[in-house]
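One structure is given below, represented as structure tokens, and several questions about it will come after.
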Amino acid sequence: MVDDVLVIGGGVAGIQASIDLAGRGLKVYLVERFPSIGGKMAQLDKTFPTGDCSICILAPKMMECFSHENIDVLTHAEVKGVSGNAGDFRVKILKKPRYVDEEKCTGCGDCVSACPYINLPDEFDMALRSRGNIFIPFLQAVPRVVMVDREHCVKCGNCQVICDAGAIDLYQKPEEIEIHVGAIIVACGFDSFDPSGIKEYGYGRYKNVITALEYERLVCASGPTGGHLDRPSDKKTPNSIAFIQCVGSRDVNHNPYCSSVCCMHATKEAILAKEHYPSMENYIFYTDMRAFGKGFQEYVDRAKNEYEVRYIRSKPGEITEDKETKNPVIWYDDTVTRQVKRLEVGLVVLCTALVPSKGIKELADVLGVELDKNRFFKIADPLYAPLDSSREGILVCGYCQGPKDIPEAVTQAKGAAARAAEVLACLGA
Amino acid sequence: MKEFDPKIVAFCCNWCSYAGADLAGVSRMQYPPNVRIIKVMCSGRIDPLFVLMSFLEGADAVLVTGCHIGDCHYIDANHKTKNRFEFLKEMIAELGIGEERLRLEWISATEGEKFADMVKETVEKIKKMGPSPLSPKVMQ
Amino acid sequence: MSLENIVNETKAYYCLECGKCTGSCPISRVNKGYSPRLTVEKALLGFDKELLADGGIWSCMTCNLCKDRCPSNVDYTKFIRYARAEALKTGYTGNCTHGGVLSSLMRIMGNPNLKQDRLGWVSDNLKISEKGDILYFTGCLPYFETLFKDIGVNSLDIARSTVKILNRIGIKPVVMPDERCCGHDLFWTGDLENFEKIAKLNVGLIRGTGAKKVIFSCPECYRTFKQDYSEYVDMDFELVHISEFLAEKIDEGKIDFGSLEEDVTYQDPCRLGRHLGVYDPPRKVISSIQGIGLIEMEHSRERSICCGTSTWTNCDRFSEQIQKERLKEAKAAADTLITACPKCQIHLSCAMKSKTPIDEVKIKDFSVLVASAMGLGDDP
Amino acid sequence: MKGCFIAWATDDATRKRGGSGGFVSAALAAALDNNLVDNVLVLKKTSPYKATPIVTNDPKEVLECAGSLHFVSVNMAKYVPPGRVALPAKPCDAMGVIERAKRGQLDLDEVYMLGLNCGGSLHPKKAKKMVEEMYNLDPDNVIGEDILKGELILKTADGEKALKIDDLEEKGYGRRESCRYCETNIPRMADLACGNWGLPVDKLGKTTFVEVITNKGEEIFKNAVDTGYVEFEPASDKAIELRDKIDNVMKGLAEKWHKRLFEPIEKLSDSERLAFYVDALNRCIGCGACRKACPVCTCGDSAKCLIEGDSNYKIPLFLMVRLLHLMDSCIGCGRCEDVCPAGIPLTLIHRRFAERMQNKLGYVPGINLDKPPYFEGELREDS
Amino acid sequence: MEEKEIRIGVFICHCGTNIGGSVDVPAVVEYAKHLPNVVHAERNLYTCADDGLTAIKNAIKQHKLNRVIVASCTPRTHEPLFRSTCEEAGLNKYLFEFVNIREHCSWVHMKDTEGATEKTKELVRMGVARATLLEPQEEMKIDVEQSAMVIGGGIAGITAAKTLANQGFDVYLVEKEAVLGGMLRNLYRLFPTGEDSLDSLQPSIAAVEGHEKIKVFSSCELKEVKGYIGNFDVTLLREGKEVNFKVGTIIVATGAMEFEPKGHYGYGKYDHVITQMQLEKLLKDGQLKKSDSVVMIQCVGAKGEEVSYCSRICCMVAIKNAMLIKEINPDADIHILHNDIQAYGAEYEELYNKAREMGIRFIKYTPESPPCVTMDGEKLKVEVYNELFGEQFMLGTDLVVLSTPLVQHQGGVEISKLLRVPLGKDKFFFEAHVKLRPVDFATDGIFLCGTAHGPAEVAESVSQALAAASGAGIPLSRGFVQIEAISVKVDLEACIGCGFCVEMCPYQALDMVDGKLEIIEALCKGCGTCVATCPTGALEQRHYQNNQIISQIKSIFHPVIE
């Protein structure tokens, strides 16, 4: 029986769970697939309903987690095998090569500018900017070390030459680590649904139809445009934006469930747009306005009254494009006035469904736990054990067990930490 | 004759504006080397005395920076900063040394560019205005 | 079927009233009085009489645009079909166009003793057989020829071209002298009694020829056989649209489509496209013609817009508006519009002849295009 | 029984000694007598130019101190002892007391302020010089003084001599500079406001016009009446009107003086103004007398203004910090300027800074227990 | 503190070429050597690398350094590393000073070597000035009482208590009612599982009542709570008698209550207009008369003037109850009149669809023209304008059920005063940070869960309870809390007792007791706002002392400080 804990997923939930457990004096392994911790929250600009800058409040947590003496953060790593039982899990972790010695790299970024190939889409910035083969995942990345995209690297060696720390190792091998833990917390988060399959909305066909996460990067001060809302077609600020809810969610053809956060997310984005550009006209197309959290309804009321955001109850039928201006044109049944209308705007933001993260099935198989029909982790008892998975000793929290906003994810993460401690204490006793 | 090289004192809070200054560095945003940052935990710690003293010592400008209202790491301590700043502003105005020499900016941890711009603008403005008349050097 | 049953059958109770159907509907866009959403809501909220008396249910083109997009999977097309049947019982019906000739014609088809000569169009240069593996189902083309010659639609060219192409690849298709109309329009306007008769007759006739594969040039016939006959009669032969048949041959390397220096655009017929998911084969075939440029319209494939009316019912000024918009879109893409459905050709050609003229778009049938590219055109 | 009354000491001696009906002294003595307060703070005149604040619990001593006084050097606020205490208070004394209460130096509930209407006072040191130069009298021969109808009257054994205050002030004498532009003549922040303004001619010099303002004021007044120290009658509407009229005249005068003294500074350019401040403030020798005299200053020996600056500063850090700390709280009593050995026009300068802030914030110090804005925690709506 | 010679060591980092590329590091080292109190200065390629750290440790010993300065990157990432290096070499970690010459200098002046070098010198000079005045600090450790109090015996309180007890801590569970269970006792079946509420709750109640580590105080009232994290003194009233105990942490799980819709839709006037809670009771007791038609009205009193928020759970409660009625009478006509259905998440959307499938009909009304309930003979009549259909509907019905929001109750308001923790605008308890500290109060050691925080369903309450237990369990399992030595201290000799600092403190760490300032160090978070406010030098912040900051300011303008 060991009382170390493995946390899978380094988003805000995973970070919080790790910090809580480590705070109790337990040893924690935090495994993150991406080369930096931070998760989706790091990609957001501001958070609703308080308008807090997302990375500002998250970055200290990321640092606290990374530098905590009880937490071993393994980035760019994946869980490959789990055997044993609660109190005694043996876990195989594959540490994928980042072709950089994390210990030696100082994050100076000299190598980044030395790399001659710089036309790869930057994942963090939703491909709205390009990066090189060697790159720092994002400005506030933790750990702040570079990594090499070997798939595209031609091994010119420029980076090695410029690196005074001698940190670059283009022949680094994958490494398999085995750890021994008593409990596992899964917080592997979500992915954004790709709306290009919803042909009628023109994502991918029309430049000025973007997703909400792309929009977040566009308005973020440390994003690809430095926070200027430059729409993709002409890099100009649009004078109106339409946000479309339930793109791929509450839709039995894609994801039947409600993603829970998009109504508020869009409200926040509309408010931000209005704050940055006072003449901006904002429209939100919705089916049911789901403002059910603390202070949410008030936030929506403010958006309506103070920020003049226009809420239109309708799910648009189709989006076309004005060939001249490249303005998206929305065709919709205004269900309140019961009339079909046409609305031309400067930019359309699709508030896409949030879906279980890629690879959740494989992870579930490795962990030996069940998924529900929406491919979220199944919980043991939806009332009284909302954080226990179908297998003892494995807890699930955050979006990977169903739609949630940040405070709920943080709450669950803390709860999962408490449950892990409880499970370990009971096993020990 | 050597060009006038202003000296600017900037007070930054640990959580937002200092991090914003860090981000300016990480992003390699270039600005002139005239600013000296003094870190405090919170902009609420910035005693107006420090600002006055900076001017008396010879600062050509003083920048007071902190988290945006509503984002303060210490709930609402930056509200106090703002209140006190009103006093300083009036004082500087009455003294007649040029109101532009004192500036309050809220800078979040993501606003590296804002920090760099603030320094650039201030240096340019102060260069035009010339040395602070309160600076001891001028007296001699 | 009571409206409640219709609601249950089509799962209309899942309707979230989001309005995506109406926002998608080409008719609603021009006719503000028509809304699929409100039509469904009438049923949900117990406005039965209003619903059945509503002419709107006869306007629906059953193009499936709304059905495909409905987030709750409400089968509006089916809903309309059932509602029409119910309305018919109550005595309501749509406005038949062309003096109702076409609908009465169809009902006659149900008579097993009907004598007709459907092979008048088969000229000497065409090789057909009475029995064989492959059968070509011509559908209503011979009737269309007489009705729509005046608007420049030579329907039988389609049949002739199809046979010529088949002949070129060495097939002498069976063409039946007494095949019946497929019954599509009866099915969609609620006359299921006559539809059943026709279905059984047709399948019997085909069986009699020993055909293993039936080729269609009309998507409506194709869909009707493929999706609607099975409720009434068993079939033991394969069904295929000419475009699919030809596309397959490309893969087998058995065909040379010749060349044609022309830019064309392609109209996806609703039955072939959204109803049956056949988008690629016609495009594949057209693109295989050397020198041809296939330029897509703004709305194509899944997003394609219907030719404006169906089942010869409620063709009105709104239909014309839709058709003209469609022709404008076509013109913006290319001078020639290819359709794979005789009805699309008829309706769009009809719109072109309307009082307020629009820019000329050449409208050609798919088979006709292919035949002429292969050098098989120019019939006497 | 709040409102305006005409009252007088029942005791003849007191009535006579107290230049205007002796109400204040009688009420103070009565308060002590009936144990309403533990102590009374009064000024004991030791010469026409010197009055020392004393704390006493002897009603007799209080009565002995009766009499009006215009040559005053101290602000009473700094001498208020702990416990229940009553004192006569000019407007600036009362404001000082309130400011000290805000700073936790005393409990206002325990302090009874018998406010004295005030048209201004004279600094004793300057007054002596004035007696010599303007009145051509030996200062030591002066046995009494009074202000009536805009004239300052000096009494000697030989009789009286009166000069117009306006004329005196033109020559640089007369009231303190800060009094000249002070607009607070009737101490409405005190518990009672007493004086001779508004009295009908026949009662002038024999009675006191008393306005009862607060519950504490009511207590004092009632006590004085109940114990027989004082008698009273209601003040007529006419009397009240008259008092207001005088008040307004004084205010008008103050406004003129304000303009006269402040406009020249107002008109200076930024650099001239800075030069003015540097010239003046740089004369500071750092003795700290101003700080000790200031009724608002409560900081003691660890005050932040005492943090050492450098000698090459153009303006001493000491004064900079004081200017800052007094920006919302300066009550303009003029005591700092009185005591400055370097002759810096301190009050004038403090007022310049303070008026900016006080006007901007709409905050008036010394009138109620509202917290000074510098110490406000909440964000102001307008800022 | 004993006067000792100040011996400063300065370590200047090249950071590869990051600093070395635009700063003349050797020149800076030379300069540093001549600064007052500096006895050693050196440069390292990477000070943070192993050899750099070793160099620091060696120099501390060799040169008897009692102050260490590293000039390199930002303290926000590397300060902990260098601090622990100093500690390893026996130097108090508060005697370490970090100078940021990378982010704040070399990287932002890349093309100005001269300017960057001069600035670096000054930054180092400022660092030396500050370091000279640094003082060693002891981080305060507060012992934590190994027990917790949970206020409220509903599902949230029960769960929190059970989890903490299972982790091995003593728990005092305080409930004002005679029995545990809270609001769930009054419910019939729970969504989404359909379990009987009380039945499903029983095992948890039993587990708590039978737990050797849990002391249940039912029918008890909280009288007083004093102290701070680790050391709360609690006084209860039980049958009029006082009970005292000490706990380390506290969890608030006081729940909420249903808003009473007086004056809404004929409630109180017509017998058959009831609330969802009343419906639950009817269902539970089997008292619900067979109703052929039922109308439910959502958002009664919510999302409006009386209660501005959306109460989150009522839509699903209504849907669940509607389905239960349908189970009893499949032919019942049920209409739910709503203003947007809150079927968030995966399960609820499914349930919502299921309800539609069962024939429950939904009508969206507008808040501007709300439904109207009147009596029409024996039957109730509900008129509603269907916003999406554009028609006025007349629904004759047997029963009208009003869905009303959860609201704070008086008990909660009193607890808030007692514990000095805030309520928000919505009157629910207000957490420390909406996003990242959802179950903490700004006051250390007190946590929050369940509907005391805002409307929540069972699973959400349970998750919150577990989260609160995590927060409350951390200090308990560590046995102490440690506070970074940046808290404030007061020199009572210098303090004049003006009390202006007290209200400045965002954490109520300061208090005036009999005219004397008291600082509860355990509550101080080190923002220093009070220090800046203090008109005297009585307040000081550890590690950010006035004289330290002043020395930094002065050193900017004095080429060499004597």
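Chains: A, B, C, D and E, in written order; residue numbering restarts at 1 for each.
FYI, contacts are C-beta pairs under 8 Å (C-beta built on N, C-alpha and C of every residue); 3 or more make two chains touch, one makes a residue touch a chain.
Computed from a predicted structure; not experimentally measured.
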item	value
Chain pair, C-E or B-E, that carries the greater number of C-beta contacts	B-E
Distance between the centres, which are taken as Cα means, of subunit C and subunit B, whole angstrom	74
For subunit B paired with subunit E, centre-to-centre distance based on mean C-alpha positions, whole Å	32
Subunit A and subunit B: spacing of chain centres that average the CA atoms, whole Å	36
Distance from the mean Cα position of subunit E to that of subunit D, given in whole angstrom	52
Of all residues in subunit A, the ones touching two or more other chains	50, 52, 57, 250, 288, 313, 335, 338
Shared interface positions of subunit E, touching two or more other chains	76, 353, 388-389, 504, 533, 546, 550, 554
Residue numbers of subunit C (touch at least two other chains)	14, 17, 38, 72
Chains grouped in pairs wherever the two touch, ordered by label	A-B, A-C, A-E, B-D, B-E, C-E, D-E
Complex contact set, residues of subunit A against subunit C	199-200, 246, 250-253, 287-288, 313-318, 320, 331-335, 338-340
Subunit A-facing residues of subunit E, complex	15-18, 45-46, 48-49, 73, 76-77, 80-81, 155, 159, 163, 166-168, 190, 192-193, 195, 200, 204, 303, 308-310, 312, 340-350, 353, 387-390, 424-426, 428, 433-439, 453-454, 458-460, 462-471, 473-474, 477-478
Residues of subunit E that touch subunit C when the two form their complex	353, 356-357, 359, 361, 363-364, 386, 388-389, 393
Footprint of subunit B on subunit E - complex, ascending	74-76, 100, 102-105, 107-112, 115-116, 118-119, 122-123, 126, 442, 486, 504, 506-507, 525-529, 531-533, 541, 544, 546, 549-550, 552-554, 556-557
Subunit E to subunit D touching residues, read off their complex	491, 493-494, 496-500, 503-504, 512, 515, 533-538, 546, 550, 554
